[in-house]
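What follows is chain A paired twice: with chain B in the first complex and chain C in the second.
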Partner chain A sequence: MRSAIIADLKKDMQKILNNISNESVPYLFLLPCLLILGSLLSVPLYKVVEYSLYDNVIVQKNPSFVGLQNYKEILSDTAFWKATLNTIIFTVGSVIGHLIIGTSLALLVNTDINPKARTLFRSLLILPWIFTAVVVAVNWQLLLNPFGIINYGLDKLGIISEPLDWLGDPSLAMWSLLLISTWRGYPFIMVSFLSGLQSIPKELYEAAEIDGAGFFGKFWHVTIPQLKPVIYGVALLDLIWTFQLFPLVWLTTGGGPGRTTEVLSTMTFRYAFVNFEFSQASTVAVSILIISAAFTIFYLRNEKSKI
Partner chain B sequence: MSKIDIKNLVKYFGPQKILHGIDISISKGEFCVLVGPSGCGKSTTLRMVAGLETISGGEIIIGDRVVNGLKPRERGIAMVFQNYALYPAKTVYNNMAFSLQLSRINKNIIDEKVREVAKILDITDLLDRKPATLSGGQRQRVAMGRAIVRDPEVFLFDEPLSNLDAQLRGQMRAEIKLLHQRLKNTVIYVTHDQVEAMTLADKIVIMKDGRIEQQGTPDDVFHNPQTLFVASFMGSPPMNLISAKILKDGIKIKNSEINFKKSSNLKIDKSIIFGIRADDIRLSEEDKSGIPVKGFVNLVEQLGTENLAHFNVGENNFIGKTNARAKLKLNKEYSFNFNMKHAYFFDPETGARIS
Partner chain C sequence: MFFKKIFTLIFAFSFAWTINASAKTEIEWLQWFAAENTRDFYEGLVDEFEAANPNISVKLVTQPFGKVRESIVTDSAVGVGSDVLGLNMPWTTGFLKSDILEPLDKYMSKGSNSFKTENLVQAPIGKINGKTWMVPLNAFPFVMHVNMDLVKKAGFSKPPSSWSELKEQAVAISNLGDGISGIGMPLSSQPPSNGPILTFLPLLYSNGGRIMNGTSPNFDNAKVVETLNFINDLKKSGAMAPGFASRTGGVDLEEFIAGRSGFLISPGVHASAVATRNPDLNYDLVRVPTNGVNAYRVHGWELGIASKSKHKEEAWKFIDFLLSKEVNAKVAKASRALPGNLDSLDLVSGGATPVMKTQMNILSGDEPVEELRQAPSAVASWSIMTEEMQSMLRGDQSAKEAATKVQSRWLDLIS
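What follows is the complex of A and B.
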């Protein structure tokens, strides 16, 4: 009797042990990745937050703890608020530009034309995405130069009478930046929407056609509702990326002229590597982090609701 | 309600000829079923009537209008798709109302029509739901509702029941038939299921490889097949089709003979295909009409109401029918009566019927 109970107990113990080892195996595989990602992410993250609470970090050996003093200063600085406003204008403008151009081009390259031509157009239209930001920035600088080809062309067409300094004129710089950012970023939207478009069942368009819908009717009643989940997810992702975009702005206008195109990311860079005020830089960086995190939570929630 | 005339309809996909001149004439209010194996061109024909495929040659006339150049919405048709093609983002109500909304009809009239049709189809409770929350049968009803609301001249059905399970398919089949009796619209219905074709049709058009094999009433194509293909396609179990040679007083089949009084136009020594339906082969104990043939039973399939007995005569396998209560033993010899009045003979080369 007793030996039977002991044998049962042994069996149960074995089961529990087996369960533990079975369940821990997947985590074991994840461990290296978690370790690397964790150390690469958490250490800098911690450091940035820590720096934002000290004064004179890095440049002096013994920085002094100042609490939220840096935040108080930043929040009462008009330059910070100007940069925040610029970031919002730049981000929202870019995302809208990406969406309009990306959607239109996705619709165009999804049409039933010669397959070879279609492949050619699809490949050509993805190119802006392939170039590194530096190449894009330098190219557009040359194109938009007062003596560049865009001014030349507009002059020849009689649209402008004298060359414009697209990136140097305070009233034009943000628009030019939006143009460059739109050109650079639309392929992501185009590619995402294209795959979305291809997954829409053909029958829905046929049913709509029989129901009497024309081009816009089909677009509005079939394409848009079917793409909605993609649009929402992709737009949020684009928002998160564009919000922290640095190289394109820094390499074209550098935040100028004056501070007219200064965004939070260029402000961080300026504080850190131009003014060597690493505490202020960290403080601005943390503000970017907080806003990006909010967007990311939105995005993840949206993704979760899709499942 | 309109008649439909399809005249010498031709379709090319690239260099490939898909339809080789289809002629079908469907009268007002007739239920016409296009049936055939996949790839026979039945769906293409339907889609050409709908205006979803271009016409490479020939004419389609709905009512008295040639519709070749007309857009789908101008043809006075409504279509029910195989996978329903309901708009996922719209409620059932808006799915049904969509075409009327597009033609800017007064909202009250739309509401009245949608509710009336919903009542006919018994889907009033579902009007506020989205298609994703509906079962297959319910979606099928909504798809039909969407077509009926428009009050079209012609209904087109493209394999509407093939996504449903067997029981529901039978039920929906009956409902479609009842609905047709009530609405009396002209219908073109495409299916690969010959049972559906038989039960629904006023007129069956049997297609194969882009050509019409035979068209006529269900009774006609079933009992009077003009080609080997039609004989083999219509009916379940399929007709027994056995290679044979004509003898003076019967036919020679592999390792055996069946003796009967043959008609004079079957020439002696000619190779033919001998066809007889399972219904016309009965266990001799049960039915003595026709001539007795002995065979070894090797398989019995119970269908509930009756049994299918597979048996060998010489080296030829036949399927006959027996009473459900007959207890046949396997590998035992039984006598079956072949009702030769209902036997068919086909030319093995052309597939044409020899009458």
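What follows is the complex of A and C.
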């Protein structure tokens, strides 16, 4: 009797061990990746937060712990709030620009034309996405130069009488930056929406036509509702990326003229590598992290709801 | 038996190699000089040094100018920095705050040095906190580059030598139209935002003005305001190229090389870029037009030793080699600048071009001025000047207000 109980217990134990080993296999496969990603993300993340709690790190041998003092100073600094406002304007403006241009071009390259021409246009229109930020910045600086082709064209058309300093005039610099950012970022939206458009059943458009819907009717009542999940996900992703965008702004205007195009990412860089105030830079970086994390949570929730 | 012999041979070779390798000290030289139009030149210098000093090897680390400053600071923070550092005088204050530099006084007083301290260009070796922190590899005065074709086309026979002539000729050149401008003012906010130190300071020094009083900012003085007013006047009279707030130093140079600017105030070393990139340009180089004072902003490439270097003696040996008469003359010729060791001047002047001779005359006859070693945090202070000058040229504030604001913001920077 006793030996039978022990045998049963052994069997149960074996079963549990087998279950654990079976269930742990996927985690073991994930382990190397989790370890690498964890160490690459968590260590810098921890260091940035830690740095933000000291008076000045890296350039100072014995930095002192100051708690939330840097946060208090940054939050009472008008330059920080100006940069925050600029970041919001730049991010929202860019995403709206990306969505409008990306959607329009996705509709155009989805039309039923000669397949070779369609492929050519799709390839050409995706080009801005391929260029690095440096190439984009230098090209647009040349285009927008007071003696550049844009001023020349506007002058010949009689729209302006003297050259405009697109990147150096405070009233034009942010608009110019938005134009450049829109040009650089629309291909991502275009490609994403194009795949979304191709998955919309043709029957829906046929049914809408029978109901008497025209181009705009079909667009509002068929295309937009069908693309809604894609639009929401892609717009959030674009929002997260654009919010932290640094190279394009730094290489195009350097946050100027004055500080009219200073965004939070350029402010972080300025604190770190212009002023060598790494703790203040970390403090601004943490603020970017918090806002980006909030966007990311929205994005993940949206993705989860699709499953 | 055969295998035993082979094994012994391999062992002996490995042992000898290990001994040799361990006896050799490697020093690292971080600089931007090798990136400036001198292909393989610095590699050749390193080979020459290593041949004369078989126990020292030099690792040449070349980065763009804008990156070197960042690298020195971050490398020093994590303790992996180079031994010999290529330096720029305006970086000094920031580096001293972070204890990055080793004082050079004890090395400079060595009797075995290949040069005499009194023969070095003096500006970089001037003491700060009672110590010398860097030595000059080469030197060049700030000058005015002149497009003679445009000057003649505008109806003048020779380049301007005074402020009033500069304004008159620059306006006349701008009036030629067709995208031609008299003079550019590179006041872009883009890093390193160094427009004011390229153009404003040389004009200020030729007006007898200064921005520092020892180690204290002294920006709101009458000479500064007068110079700012002159720049404002250039803008208002139409002498200045449009787009000052988006014009970088690089664009300013390119516009001159392309023949679209009459005048360019910049380091004399840019003569090599003009000569190599547009040899057809009818080009001349003159001292910056004066408002009564023959003074020039002196600039150059400097050398220092990292305070965290474990091989300071070897690092100094290499610096001493670079400052020796023959080697320093070679460096000067390669960079089309003047030597840091003025004892090499006779070697450089042999076969010197007229442009180089003009620079030599400026260097020997006029008053050298260097204030940026003591100015508050280099790039940050330039940005402040840039922003306030942009605002002044837009008409948002007067020269006096701009000077007062720079002074106040500089004081904040050092507090």
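Basically, the second predicted complex is superposed on the first by the 307 of 307 C-alpha atoms of A that agree within 3 Å, B and C clash if a C-alpha of one lies under 4 Å from a C-alpha of the other, contacts with A are read in each partner's own complex, and residues count from 1 in each chain.
Everything that follows uses one rule, which is that contacts are C-beta pairs under 8 Å (C-beta built on N, C-alpha and C of every residue); 3 or more make two chains touch, one makes a residue touch a chain.
These numbers come from a predicted model, not from an experiment.
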Can A:4 be said to touch chain B (first), chain C (second), both, or neither? neither
Counting only touches as set out at the top, which of chain B and chain C does A:225 meet: first, second, both, neither? first
Can you tell me whether chain B or chain C touches more residues on chain A? C
Is A:169 in contact with chain B, with chain C, with both, or with neither (first, second, both, neither)? second
Touching partner for A:259 - first (chain B), second (chain C), both, neither: second
With the two structures laid over each other on chain A, which partner does A:276 touch: chain B (first), chain C (second), both, or neither? second
With both complexes superposed on chain A, which partner does A:207 reach: first (chain B), second (chain C), both or neither? first
For A:58 in the superposed arrangement: first (chain B), second (chain C), both or neither? second
Using the superposition on A, tell me which residues of chain A are in contact with chain B and, in the other complex, with chain C. none
How about chain C: which of its residues touch chain A in the complex? 70, 73-74, 77, 94, 97-99, 179, 188-191, 193, 241-247, 251, 260, 377, 379-380, 383, 386-387, 390-391, 394, 413
Chain C contact footprint on chain A (complex, rising order): 58-61, 141, 144-147, 162-163, 165-170, 250-251, 253-259, 270, 273-276
Residue positions on chain B within touch of chain A in the complex are 50-52, 71-73, 77-79, 81-83, 85-90, 98-99, 102-103, 146, 150
Quick one: in the complex, what on chain A touches chain B? 201, 203-204, 206-213, 217, 221-222, 225-226, 228
